[in-house]
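For reference, the structure is listed below as structure tokens.
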Amino acid sequence: MKLSVQEEPFFPDGKIGHFSNQNQETGAIVTFLGKVRSDLENPLEYMLIEHYPGMTEKVIEKIMAEAVKRWNLIDCLVIHRYGKLTPGEDIVLVATSSKHRREAFEAADYLMDFLKSRAPFWKKEVTQSGESWVESKEIDEVALDRWK
Amino acid sequence: MKLSVQEEPFFPDGKIGHFSNQNQETGAIVTFLGKVRSDLENPLEYMLIEHYPGMTEKVIEKIMAEAVKRWNLIDCLVIHRYGKLTPGEDIVLVATSSKHRREAFEAADYLMDFLKSRAPFWKKEVTQSGESWVESKEIDEVALDRWK
Amino acid sequence: MTVRVLYFSWLRERIGVPSESIETEAVRVNDLLDELRKKGERYKLAFTQTSSLCVAIDQELGDMDSDITGAEEIAFFPPMTGG
Amino acid sequence: MTVRVLYFSWLRERIGVPSESIETEAVRVNDLLDELRKKGERYKLAFTQTSSLCVAIDQELGDMDSDITGAEEIAFFPPMTGG
């Protein structure tokens, strides 16, 4: 289990490979990569991600431990960036490994749902027309109900 | 959209990166990597994957086109090997990209379910105690019902 | 008509060949199966149980009732186990 | 007691500081909020609407009724938008 909350860019390539070579019981590896998007109508200049140092790590470690236990994962990885990010940059990488595919899929999905709504990160978008804090979505809160 | 049915090994590292740099509208990339597992009790020597050249490509292309349409994917990739594979080797890589995470997750999940039960591949496992064809699982057939 | 018949996985092993040309007047897959069973013990054994037998007609999945008139390639195989 | 109070996102911007030390006798989060509102217009405005306000007590999520007795660090922030 590995967590990194970092300002500097990470390189998703190599992360799967690392996971890949860990354990002969691993049959399934799922990764999720979240990136900074830009809209054609209102192009994004950059995004600022603020977080709560200390609490961020604690919350994510708890979410990861819960996922490992619930889906009997062989391993899991979370990398989440903060600071200034431009369109096309990677924000978050989640990877899960398990014996069979269902577990790895569900656990990655679960980790993303909780990272979205329970880890203390806040995104601000800066465009030519101004800056605004990203609002939380009802849909993200509803997504959490799937895991009850 | 890219499909490769191949005997030679592939290298999952680099595949995410490739996907990653395609399109500024991409917000989510999900990958699934399936690997040859070995059981501690009855260690696998190797696996033989047979397929139906021609039909395999046709079926997978159809499944991919269906996924792209249904989830409005930005891109998708399938690599599936056949031939002799030893424990730890990669069998299949699926990658999907979309604006938001739900679509990429569901499409990857869908692609794997259909690859498991609708693409003409057959696996034979060879262990010290003999060889046997992998039997299809009821659970894989049930999984398909999720997408109706 | 002449069709190319293909066998995969344990069906291929039981029958002993990966494919063969068959002269047939069968209209449905089931008719072709009946003809194949008459070719000998190996065929009879391979096609004893057809509840989980899969068939593809010209590389499209079908079933035992599918019409094979004009088909060029019929493949028989057990349920697929890819991924 | 003295608690460290932290603000994030637009709460931080509206209040104008990321954190401060507050001398308080508040028992619940709501009591602390009432005290903060009295500190001035910026606080009052920031805490007008508390229906979607989030709070963490010593880095654990709580709610407006949570007991803060003995807490060292109280953080206020809008709903999280990570991932």
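Residue numbering begins at 1 within each chain, and the chains themselves are lettered A, B, C and D in the order written.
Note that in this section a contact is a pair of C-beta atoms (placed from the backbone, for glycine too) under 8 Å apart; a residue touches a chain by one contact, two chains touch by 3 or more.
What you see is a predicted model; the values in this text were computed from it and never measured.
Fewest steps needed to get from chain A to chain C, stepping only to touching chains, is 2.
Per-chain CA centroids place chain A at a distance of 23 Å from chain B.
Averaging Cα coordinates per chain places chain C and chain D 72 Å apart.
Centre-to-centre, using mean CA coordinates, chain B is 26 Å away from chain C. Chain D has its Cα centroid 48 Å from the Cα centroid of chain B. For chain B, the set of residues touching two or more other chains reads 34, 101, 112.
Counting partner chains per residue, chain D has residues 83 touching two or more of them. Chains that are in contact with each other form these pairs: A-B, A-D, B-C.
For chain A in complex with chain B, the residues that touch the partner chain are 11-14, 16-17, 20-21, 24-40, 87-88, 90, 99, 101-102, 104-105, 108-109, 112, 143. Contact residues of chain B toward chain C in the complex are 34, 49-52, 54-55, 58-59, 80, 91-92, 112, 115-124, 133-136, 141. On the chain D side of its complex with chain A, the touching residues are 6, 8-10, 12, 52, 56, 59, 61, 75, 77-83.
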